[in-house]
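Common to both upcoming complexes is subunit A, partnered first by subunit B, then by subunit C.
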Partner chain A sequence: MTDMSTRSEGLFGQDTPARRIMLSLAAPVGAVVLSIIASGLILVVAGSNPLSAYADMLGHARRLETVVSMINRATPLYISGVAAAIGFKMNLFNIGVEGQYRMAAIFAAYVGGSVTVPGVFHMGLILITAMIVGGAWAGIAGLLHTQRGVNEVISTIMLNGVALGIIAALVRKWQAPGEIVVVGVGTEPIADSGIIPNLSFIPEWFGDIRSTELTGVLVVAIIVGISYHVLLNRTVFGYDLRAGGINPLAARAGGVQPKRMVMIAMLLSGGVGGLVGIAEIMDKGRYDPNFVGFLGFNGIAVALLGRNHPAGIAVGALLWAFLDASSDILQVTGTAPKETVDIMRGVILLTAVIGYEIVRRVRIREEATAAAARLAEVAR
Partner chain B sequence: MIQMLDRLPSWATWMIYAAAGVGLLAIVELFTGTEGLTSATTSSAMLRWTVPIMLAGLGGLYSERAGVVNIGLEGMLVLGMWFGAWGTIELGPWPGLAVGVAGGALGALAHALATVTFGVDHIISGVAILIAAPGITRFLSLKIFADMPTGSITQSPAVDGVGKFTMPVLAGGGFLGWESPDLLGWLRDLRWWYVSDLADMARGLIANVSQMTILAFALVPISAWVLWRTRFGLRLRICGEHPWAGESQGVNIKSYKYTGVVLSGALAGFGGAFIASPELNGIYLEGSTLNRGFIGLAALIIGNWRPGGVMAGALLFGYPSALGKRDLDGSATHSLLVVTVIALVLVAIWAWRRRSQVDSGLATFVAVMACIWFAITDTVPDWWVDIQPFIIVLLVMVFFSQRLRMPAADGIPYRKGET
Partner chain C sequence: MALAIELTGITKRFPGVVANDNVNLTVQAGEIHAVCGENGAGKSTLMKILYGMQSADEGVMAVNGAEVTFSGPSEAIDVGIGMVHQHFMLAGQLTVLENVILGAEPMRRAGRIDFAAARAHLAEVGEAYGLTVDPDDLVETLEVGERQRVEIIKVLYRGAKILVLDEPTSVLVPHEVDELFRNMRELKAAGATILFIDHKLEEVLEIADTITVLRQGRTVATVKPNEVTTADLAELMVGAELPTPDSGNSTVTDDVVLRIRDVTVLDADERPVVDKVSLVLHRGEVLGIAGVEGNGQNELVNTIMGTIETNHGTIEVSGDELTRASVRERREKGIGYVPQDRHEEGLLLSAPLWENVALGHQTQRPFASGIWFDRNGAARRTEVVCEDFDVRTPDIDVSAHALSGGNQQKLILGRELTAKPGLLVASHPTRGIDVGAQAAVWEDIRDARAKGMATLLISADLEELIGLSDSIVVMYQGRLVATLEPGSITPRELGSYMTGAAIIRQSVPGDSDRVP
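Entry: the complex of A and B
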């Protein structure tokens, strides 16, 4: 069913570009509106005023500093979203970005902290270590899939559990000497040469910001996004990947080797996933036990919201970051509990995926009607 | 010998396996000089660690037998833990359990709505539940637990437990004022090798056990009966095997799928409420489900989507966890490595006889590595206990994934009339 529709999209001209965009936007916008209503109801029941809470959220988001901090939060989410999307394109559910980025982050921080080489090489070394470790960890799941037929959802969930255990051990083993039981234990701090410089000069064009720095990892995220777009739409590999995801049998008949594709897709997904933790490493200069969690699962959410599209994922990541920033301001002003934001996230995600599914069906039905009409015309 | 085993009823076969397992542990204890592998404290702790994993696994069983993959079990455990704690604080233990069950079922209802009514991909909906559940409980904690004495946004006040049960005659205790003998305790005190080990371990399973635990274990045969011996079970399973065939027989596939998914959340909710009960935490504590939902999913898989298998899988994870939590120097867990090696050698022999040399070589290799590890160390690090269940699942998947058979239509979105 799906295969037919994707192929016939271009054949039947009914679908104007404007209409297609409208249909694609219907689900996410509807989801946001629904979640605003649902959270509003919850807030009323909980005894807060939803209107003033929303006013606080929007007012806060207009400030330059908030925008910068939103971009900072969106950066790792975006990378995580792209990592998940690479798998999704091949019909692979890489649930394991969670474990991959943490493994990658601790190894990258350790390597970065134990060597001192001139600037660019130092940064490059950290990034490459992260990609290799992330890719290798996902590669285990790839191997299990191709060699043993183990479903990647199961293996990556198990590998997440293993990764967390190993990291707990490594944090203790690699902690900087002299820091035994104090707060903020972590790997050896990375020398300044390895820290990607911040981009604060850009927001400074727009105004004065002092309290927040714009993360330099944004550049990495942008490169990841562009590479993802080019890889997917401008290379043979990308074509094979999409073909393998849409119709594995047809792709196989067309000469795509499914095992090879699964392996490469897992390695790429894990490699990109390895970069998720870089922003935090650069911010803190080390891996510490309070390293931010759940970026992998939220990356999946962001990829879903953005329909695996390079720009869509960016919008999803910014939306998630906006909600993060909003939870901060709600805590400060106290107009509503900041946990409201978590509920909004859940509602947005569930309604968005349901919405996408409905839109997909509407499209299929319209195409079928259009095709039938055309056939009838030809027959006449 | 094997044929004789086949003729026995399944509970008797299970008993023989269990006795053989304890025998293996007793031998290992003898050779490595460790204690506690076969004690009553270990076996009763094993029950406490097993129950939530097993309930999550049984939950997954109902859902996946109805064809809906449920990776949101972890989120449903979280909901069950919160609602179980809240219900118990407000209404007492048994009604509290019902509230916990309802909480888990509510999470599952969202999953059913997305997957069954709207045909959303099961993994996607599951991830949404995983993300949403901790947010919901945090919000609720802020509104309710934070206002209670000793409660806060991340934890509840203390939660009461249900009553305990001790099997009369076998494990002592009393019955209507009658002082019962303690047969297993007497056997234990004889200090005969193996016999006393077996008696002590068995006594841990039936002495001073929470009624919740008994209910949980009773659900295993009940599930087997419901799923394989009733009309309801047959119809539920057709949803997971071939819903279109069921549809042609007039089965209302969607309503059965709903039932399966909601039951799955209810069981996970029970598991969550158990975590909040004094058997484990004694409070609701944020983040204390400890991946048990995922481990339950693992138990379901290595249990080959069968109730008895789920229980065996959950025990396989519960036992090392129970041992590890009490084993501060890591020596008991260290001696478990020997058990792993023996199991791997058996796998290697089995694979060799089936003429799959690659599997056999792989199993031997892992066995040798584990052997070397055992030989050059005296203890295992504490983190090994945490990752052991996941490693076991990965190993089982490596060697047996071809022999496991999940429901044929598991995870496939179903639309009426569309194949």
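Entry: the complex of A and C
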């Protein structure tokens, strides 16, 4: 090695960091562009005008209320994405966030509705209950994996089904007595002290909003994102987790205990997953059968799109929320069928995954070329 | 004789350097032609050009007399060139037959695979070239040598007459090498042309009809094996004399670093794979373990490292009993580890170098302070490792798979030695790397030994064992059956101990100072 200080001026050219960022953005940006083209073509074939549909979508998204509602939708999605990403980093495919957050939500709603403690403690109690229940539910899959070698994809999918069954039974058991006629089926309402205050003062700086409140769970999501980043990249535990995901055998030889890591990763993933439903129960104040579903599965998509990166997942969650909002407006204006957004989602996900793989290969080739060149250079 | 391959003036430039510089290579039809050279000499680039994986910037390629240009490997296959890669590309869960036809399946109507035709063709190929494998065996049940045979059959099945073998012996143990060479001779007798890359010079002299030596991207010589010695070849390759392992003056002390007593490891069927092994290793000593692969060396290494359970007996390092300790506790006690397969157990291939250098030491300084991982500390240490151990890399942010095998190995050795371990467990530390990198690894182990490191060396390279070790024990069917003085033994004699042919009762541990 001659001079390490010149390393950033290697064969990638002097713009190495910029080029690396450009490469990593190429796939998602390309995916979005491709999805716009692809769904545009489909709209044309179906007899709609894609341009006016897109104009409706963008016009709608520019309204302050829509922005707030997008952030509200993106918040649980983001938490769900991080939950999935924790598993992915350890090569664990936790499909069970769906069941984990629903179980967590109903238990947290029940506990929150049954007790009254002063403000912060009440909120904390609900959050911690959600994390414990989510973690425990995922922990079952973790135990099956480490003790019996059951693949977590199978066990978490099965546990989703089990969770739905348990919830259906519990909702009836825990419903508020005598109020069925008034507010429908659901758990006892949580007292005000357990409701996370909204953050509507922030959007109010930008204009007057009445109909939509900005969810306070956003703060929870931001804390989750930062913790995820710090844990993964700045701690020895995070290093162990990533090493175990990249090469389990090498990690084991390097002192990482694979079973222990699988268990912890499942518990963490489920614990974070448990927070997904918080926005819903701490907004409505109860768990009811209209509880929002599919946040777990959409979280997987968002994590995939964001490459398990804390900021990437946020972008993915916002994009998904934007498409949700677009689906609403298309229903109103009727310029295109609302299913257009499902097509766009599918195309984005598919092309992004392919794009990431292409970028990965390009990188490998460039690095190998640079290293080979370096080798030849030194030999000379 | 006709020419199978004629490469004239091949030049391949990568940004800033020339990997192949006006290379000429002429291979006669029906011969075994070896290409030798150090890492970075341009062998791999040349083979990739020949196989259509990369295209040359200048020069002419002719196959069987006709000029060709390839835009991909499939075009090389079309003119009868087949490549057997160093790392096998086989699906373990499929049978030999399924692997062979993968991607070239004979089809019947409605998209069904014609297994009968495939089987018949496979049998024909096997017959014609004298290669035998059971088509119905699962690949994952095969030995390394057999898997390699499947790879060779795979390319023959596709009609290749010219075989390119990329370092075929690097993954084989001695008796498998003999088997491979027998196969290569039969292939040649059946009319195939073989071009192979190797840097084990004895092997090259044994099997090749013609040898072409590359150095720094240029062809420096084409010679016949009967005209040269290994020393001549080495000189052509590196422009210097062949380095030999040599332990120098003894630095063995009386301080016991590793003490193993009656260690037994049982396999899944409760049979002992390591059978009551006892040994003692001192500060400043290199203890070599000789043995044909599969005689319990790996299990012994794994049980010392803590990745498999010790069923009986005790392991002590520097006076502390570690028999039940976790891998991490052992690493923190100062056990360094060079695994036998750097890709499998040594590296995080898709992670940057600085993360690789932390592996195994991530709980210790400079990689960690408390629960926090210290990225700056890791980066600084990595620069030191790259500098001190001559790891040739564009920067420390490239991923480990970008490095050549020799440089990956130097990185692993560097990361272990820089942590100053009291005990180094080194399993085949120079497997599959060129003579230059090999000499560097030997030098590094010798230096660390002089500073007091104890080394347990497992190797299939008998010269390495004899040259580096202060003492050699032979492992046979899970037991230590002989203790030998490296100063007074030849590779040939050692080989006969390893196969169990020359086990002399008197030298069984029990009377020597090896036993505590």
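Quick note on the criterion: the second predicted complex is superposed on the first by the 359 of 380 C-alpha atoms of A that agree within 3 Å, B and C clash if a C-alpha of one lies under 4 Å from a C-alpha of the other, contacts with A are read in each partner's own complex, and residues count from 1 in each chain.
Just so it is clear, contacts are C-beta pairs under 8 Å (C-beta built on N, C-alpha and C of every residue); 3 or more make two chains touch, one makes a residue touch a chain.
The model shown is predicted, which means the values in this text are computed figures rather than measured ones.
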item	value
Side-by-side fit of subunit B and subunit C on subunit A, or clash	clash
Subunit B versus subunit C as contact partner of A:Ala27, first or second or both or neither	neither
Partner chain in contact with A:Val224 - subunit B first, subunit C second, else both or neither	neither
Subunit B versus subunit C as contact partner of A:Ala169, first or second or both or neither	first
First, second, both or neither for A:Ile300, with subunit B first and subunit C second	first
First (subunit B), second (subunit C), both or neither touched by A:Glu357	first
Which superposed partner A:Ile278 touches (first subunit B, second subunit C, both, neither)	neither
Part of subunit B, among the options 81-89, 243-251, 297-305 or 351-359, whose backbone runs into subunit C after overlay	243-251
Doubly contacted residues of subunit A, that is, touched by subunit B and again by subunit C	1
Partner subunit B, residues of subunit A touching it in the complex	1, 42, 46, 93, 95, 144, 148-150, 153-155, 157-162, 164-166, 168-169, 294, 297-298, 300-301, 304, 337, 339-343, 345-347, 349-350, 353-354, 357-358, 361
Complex interface listing, subunit C residues touching subunit A	14-19, 38-42, 45, 216-217, 305, 307, 326-328, 330-332, 337, 339, 344-351, 355, 358-363, 367-368, 371-373, 375, 383, 386-387, 390-399, 401-404, 407
Of subunit B, residues touching subunit A in the complex	69, 71, 110, 113-114, 118-121, 123-125, 127-136, 138-139, 142-143, 291, 294-295, 297-298, 301, 381, 383-384, 386-387, 389-391, 393-394, 397-398, 401-402, 418
Subunit A - residues contacting subunit C, complex	1, 4, 7-8, 10-12, 233-240, 242-243, 246-247, 249-257, 364, 367-380
